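What follows is chain A paired twice: with chain B in the first complex and chain C in the second.
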Partner chain A sequence: MLLQVEQLRTYLHLRRGVLRAVDGVSLHVAEAETLGLVGESGSGKTMTGLSLLRLLPRGAGRIEGGSIRLDGQDLTALTEADMARDIRGRRIAMIMQDPMTSLNPVFSIGDQVAAPLRYHDIASGAVLRSQVIDVLKRVRIPSPEQRLGDYPHQFSGGQRQRIVAAMAIGCTPRLLIADEPTTALDVTIQVQIISLLKRIQQDAGLGIVLITHDLGVAASLCHRIAVMYAGQIVETAPVRAIYKAPAHPYTQALLAAIPRLHATERRLTAIPGQPPSLIDPPEGCRFAARCPHRMDRCAEPPPVVDLGNGHSAACWKLAA
Partner chain B sequence: MPRFLLHRLLQGLVSIVGASIVIFLIARLSGDPILILLPNDASPQLIAETKRNLGLDLPLWHQYLIFAWNALGGDFGRSYRWQMPALQLILDRLPATIELAICGLVFSVAIAVPVGVLSAVRPGGWTDRFGRVFAMLGQAMPAFWVGLLLILFFAVELNWLPAFGYGGVSHIIMPAIALGWYPVAAQTRIVRSAMRDVLDSDHIRLSRALGTPEHWIVWKYALRNAAVPLLTMLGVYFAAMLGGAFVVETIFAWPGVGRTVVEAVFSRDFPVVQAGVLFTSILFVLSNLLVDLAYGIVDPRIRADR
Partner chain C sequence: MLEADAITKHYRTSRGTVRAVEGVSFSLPKRGTLALVGESGCGKTTIAKMVLLLERPSGGAIRFEGQDIATMPRLALKAYRRRVQAVFQDPYASLNPRLRVGRIIAEPILAHERPGRAALDKRIAEVLDIVGLPAAAARLYPHEFSGGQRQRIAIARALAPRPELMVLDEPVSALDVSIRAQVLNLLQDIQDEYGLTYLIIAHDLALVQHFSSSVAVIYLGRVAEAGPTGPVFADPRHPYTQALLAAVPLPDPDHVLSEAAAAGEIASALHPPSGCAFHPRCPHAFAACPASVPPPHAVADGHIAACHLLQETHA
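Our next item is the complex of A and B:
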C-alpha cells in the first residue's frame, strides 16, 4: 500500500482549548489511486492533508497519535529535517487551493519550478533547465522555453494552477495531496485541471489525495471517497457506492443537499443544525445532534461497520 | 526611455519648480538682507544703491524670473557673505552630505533588515525583544542627543573616534550612526510586518510543502517580497537624510550642505539658501526616481504596469 494512515490524531492547542481537528482518522491510498477526502469546511480534511506532510500551524498543531506509513515507512517517526529533505516535495507533494496566491509574485516561474529540483539535488545547470521545460510541457504550458523568465502575474489562473502542478510533480513524488485544486477556478478551467491531474496520475502512477467539498469534482476524479465530519471519517466507499448507496446519514444528507437541475422542489435542502465544536466534542456519534435517525445508543461512539466491497461507515443504525 | 520614467521626470521637474518658488518667497519673507549687509547707520542713498546693485528693488515676480532664468544656466548668484558663486559653495559641500546620507542609510538598513527578519521568524524571541527596545530607544532619542552621547562615549571616554570634523573612515562612523539611528525603528517595524505577512502567505506555504529549506524560504523567497515596502521607505528616508542632516552636520562640524544652508539662513544669504534648497529638492526627486527604478528590479508586477 502506498499510503496507510492509522488512527491519526492531530490536535491544535489553542488559547481557548485543545481542538481535535483530526480525531482518529484511518485511510489508505494505493498506487495510481485517487482518494477523495470530502467534507464541509472545518471537518478536518485540510488538517489531515497537512498532517501527512507534518506541516501543522507552528506552535499550535501537533500529531498526538497514530501512524502515517508511506511505502511502509512511518513518517511520524522522522525528524523535521528528514521530512523536509526526503518527504516534502520529494515523495509527497501538495498543491493548494488558490493558484492566484500559490506562486511567489517576485520570482520567475522558471525559478520557481526549478527550485524543488534544485534543493532536492535532482538536477542543476543545463539539465535542470531542460527538466524544467519538460515538466512545464507535461502540464501543457504552451512554448515553455520562451516563458521561463515570465512572472506569475503574466499567466491566467488556470495556467498558474498548471505551474503549481509542475512544481509539485517535478521531483516525481509518489503521492500528491491536492487541496481544493479547482475551487478557485472557472468551471471550464476546472475540467482542464481535473483532466490534467488524471493524466499526470496515469503517466506516473501517482497516488492522489483530493481534498474537496465539491462532490461533483470528487465524482469525476476519485476512485474512492472518504467522507469526513467533525474530525472523523464517517464513511468510506468506492465512488459509485457513495453516490448510489450512501450508508451514513451524514453522507445521505450531504448528497440530498446538492441542488439538482431537474428537481421539482424549489427550495434547497440544508442539513439542520451545526457541526459540534471540536473543543470537547460529544463522546458518541458527532452527527447525532443533527441526525434524523438518532437513537439512544448514539451517545456512545459508533462502530465502523463493514458493508462489503470496500464500503464501510461508522453508524449505530447499520450495526443493528 | 520608458514612458513611466519620462512621466516621473516631468513630475520631478514640476516639484523642483514648485520648491524654487516656495524657497524664493520664504527667503524674502524672512527679512531684508540689506540690514545685515550694511552697517546700521548706512545712508538711504547707500541702501538704495546696494538694493539696485543686488536687484532687490525690482518687484518679487521679476526677481524670481531673473533668479529662475539664471538658475537654469547654473547661476544662482554670488553668496552675499562669502563673495563666491552660491552654486560653487553648495557643490563643494554636496559630496560630504551625500557621503553621510549613504553611510547613515547603510547603517540603518544593516541593523533593520536582520533584526526585522529575525523578529518576524521568531516573534517574541530575543531578537524581537531586543529589536523593540533598540527601536524604541532610537525613536525616543533625538539625533543631536545621540550624537552628543556618541561623542561623550567614543571620543571623550574611550578616545577611539575623532569627535568632529571631516576626514577618513573614522570621522564618518559617529555622524552616520547619529543620522541612521532614528529610521532604524521604522525600518525594522516595516521589515518585520512585511516578513510576517509574507511568511504567512500561500506561496510560502507551498514552498514549505515542497521541502524548501527554511533559510531559503526566509532569506530568499520571503525577503524579496518584503523588500518592496522597505524600498519605498528607504527612498523617503534617504531624501530626508540629504535634506535634514543639518542637525548632525552641525554637531559633528560636518562640512555638508545642510550646515551651510543653516548658516546662510541666519545671515540672510539668499543665493546660498536658494541654491542649497533647490539642490536638495533635486536630490530628493532623484532619490525617489532611483526608488522607482529599484522597484522594477525587485517587483516584476510593477515593471509590467509600466
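Our next item is the complex of A and C:
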C-alpha cells in the first residue's frame, strides 16, 4: 500500500482548549488511486492532509497518536530534518486552493518551479532548465521556454494553478495532496484542471488525496471517497457506492441537500442544526444531534460496520 | 417590476477602458426570480451594484415600475432605497462586528421611518422570527453566531424595511453544503409568503436551476442567452451556455465531464475579443463571429440567444 494511515489523532492546542481536529482517522491510498476526503469546513479534512506532511500550525498543532505509513515507512517517527529532506515536496507534494497565495509574487515562475528540484538536488544548470521546461509542458503551459522569466501576475488563475501543479510534480512524488485545487476557479477552467490532474496521475501513476467540499468535483476525480464529519471518517467506499448507495445518514443527508442540475425538486432537504464543537465533542456519534435516525445507542461511539466491497460506515443503525 | 434597458458600465483606468457591462437588457416581473449567471469578471455583480444605486450606468436605463431610477424624483428615490434591499455573499464581512444584532436590523428601518421604541423592537423580533432566530438574538453580537445564522441575520436586516425587491449576491456560496439548503429554503419560503421579487447573482448553475424562474447568462458584459430557466437549461442554444453546463461536475460518478466545450481562458474586459466575445473559445466559431456582435435571436417564447450560428440557420 502506498499510504496507510491508522487511527491518526491530530489535536490543536488552543487557548480555549484542546480541539480534536482529527480524531481517529484511518485511510489508505494505493498507487495510481485517487481518494477523496469529502466534508464541510471544520470537519478535519485539511488538518488530515497537513498531518501527512507534518505541516501543522506551529506550537498549536500536534499529532497525538496513530501512524502514517508511506511505502511502509512510518512518517510520525521521522525527525523534522528527515521530513524536509526525504518526504516533503519529494515523495509527498501538495497543491493548495489559492494559486495566488501559494506562488510568490516576486519570483519568476521559472525560479519557483526550479526551487524544489534544486532543494532536493535533482538537477542543476542546463539540465535543471530543461527539466523545468519539460514539467511546464506537462501541465500545458504554452511556450514555456519564453515564459520562464514571467511572474505569477502575468498568468491567469487557471494557468497559475497549472504552475502550482508543475512545482508539485517536478520531483516525481509518490503521493499528491490536492486541497480544494479547483475551488478558486471558474467552472470552465475548473474542468481543465480536473482533466490535468487525471492526466498527471495516468502519466506518473501517483496516488492522490483530493480534499474537497464539492461532491461534484469528488465524483469526477476520485476512485474512492472518505466522508469526514467532526474530525472522523463516517463512511468510506468506492465512488459509485457513495453516490448510488450511501449508507451513513450524514452522507445521505449531504447528497439530499445539494441542488442538482436537471432535477426538478422545489425544496431541498436541509440538515437541521450545525456540527458540534470539537473542543468538547459528544461521546457517542457526532452526527446524532442532527440525525433523523437517532436512537438511544447513538450516545455511545458507533462501530465501523463493514458493508463489503470496500464499503464501511460508522453507524449504529447499520450494526443492528 | 424591474427592467434593464441596454445598460452599460465602463470604467476608465490607466490601462484603458474596462467594458464591464456592455448593453445588458432584462426584465423581471413581480414575484419572479431572475438569476444572472456567469464566470468571474463577466459583469454580473456590476449590474447588481447599478440596481442598488451603488454604481451609475454609463449608458442605458434601469427602470423600476416603469420609472428610470437615474432620474427618479427625490421622494420616489428614497422609497426605492427602502423597497430594494440586498443580501451579500459573506456574512462575516457584511455585518458590523461592533453592533448588536438588534441595532444592525434597526438601521435600515431607521433610515426611512421613526417608529417608537416598542414598535421598533416588535419589528426586530418579527423579522428574527421570520428567519428562524429567537428574539433574544437581538442583544448579541455577530461573532456569537455561526456562518449560517449570520446569513439569516443579513436576511432579517434586508427584510426589516419591508422591501419588495431583494438583490441576492451569491447568498449561499460562503456557506457549507448542509447550511446552504437551510438558507435557500428560507429564501424561498419568504418569497412565497411576502410576494418578494428576487434578482440573484450566482455562479452555481445547479443552484440557479433550482432557485430561479428566469436566467440571463452573461459573458464578458453581454447577455449570451436568456429566458425561462427550464427551457434555457434543458435546451441551451448558445455555445457558451452549453459549455458552462457541460463543465459542471455532477455528483454522479457516471457523468462524463466535457472539457472540449470551452477551450482556453476568459478574455479580459479591458481587451475583449472583437465580434462575439466568446469566439476564441467557441468550438463552432466561423467567419462571422469575430466580425460582428451577434444580435439577440429569439429561439422560443421569451428565450433568446445571441449567436451567429442561430442567425445562419434561421436566415
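The working rule: the second predicted complex is superposed on the first by the 314 of 320 C-alpha atoms of A that agree within 3 Å, B and C clash if a C-alpha of one lies under 4 Å from a C-alpha of the other, contacts with A are read in each partner's own complex, and residues count from 1 in each chain.
Simple rule for what comes next: contacts are C-beta pairs under 8 Å (C-beta built on N, C-alpha and C of every residue); 3 or more make two chains touch, one makes a residue touch a chain.
Values in this document were obtained by computation on a predicted structure and should not be read as measured data.
Looking at the shared chain after the overlay, A:L55 reaches chain B, while chain C stays out of its contact range.
In the superposed model, A:N309 makes contact with neither chain B nor chain C. Within the superposed three-chain model, A:S124 lies out of touch with both chain B and chain C [touch as defined at top].
Touch criterion met: A:A253 reaches chain C, while chain B stays clear of it.
Counted by residues of chain A touched, the larger count belongs to C, out of chain B and chain C. Shared-chain residue A:Q202: touches no atom of chain B or chain C.
By the document's definition of touching, of the two partners only chain C reaches A:S220; chain B does not.
Overlaid on A, the two complexes show chain B and chain C touching no common residue of chain A. On chain A, the positions that touch chain C within their shared complex are 40-41, 156, 158-159, 186-192, 194-195, 213-220, 239-240, 243-244, 253-255, 257-263, 265-272, 274. Of all residues in chain C, only 39-40, 146, 148, 176-182, 184-185, 188, 203-207, 209-211, 233-234, 243-255, 257-259, 261-262, 265-266, 281 touch chain A in the complex they form. Note for the complex: chain B touches chain A at residues 201-214, 216, 221, 224-225, 228, 298-301, 304.
Those residues of chain A lying in contact with chain B across their complex are 53, 55, 83-85, 87-90, 93-98, 101-108, 115-116, 119-120, 151, 153-154, 164, 167-168, 171, 177.
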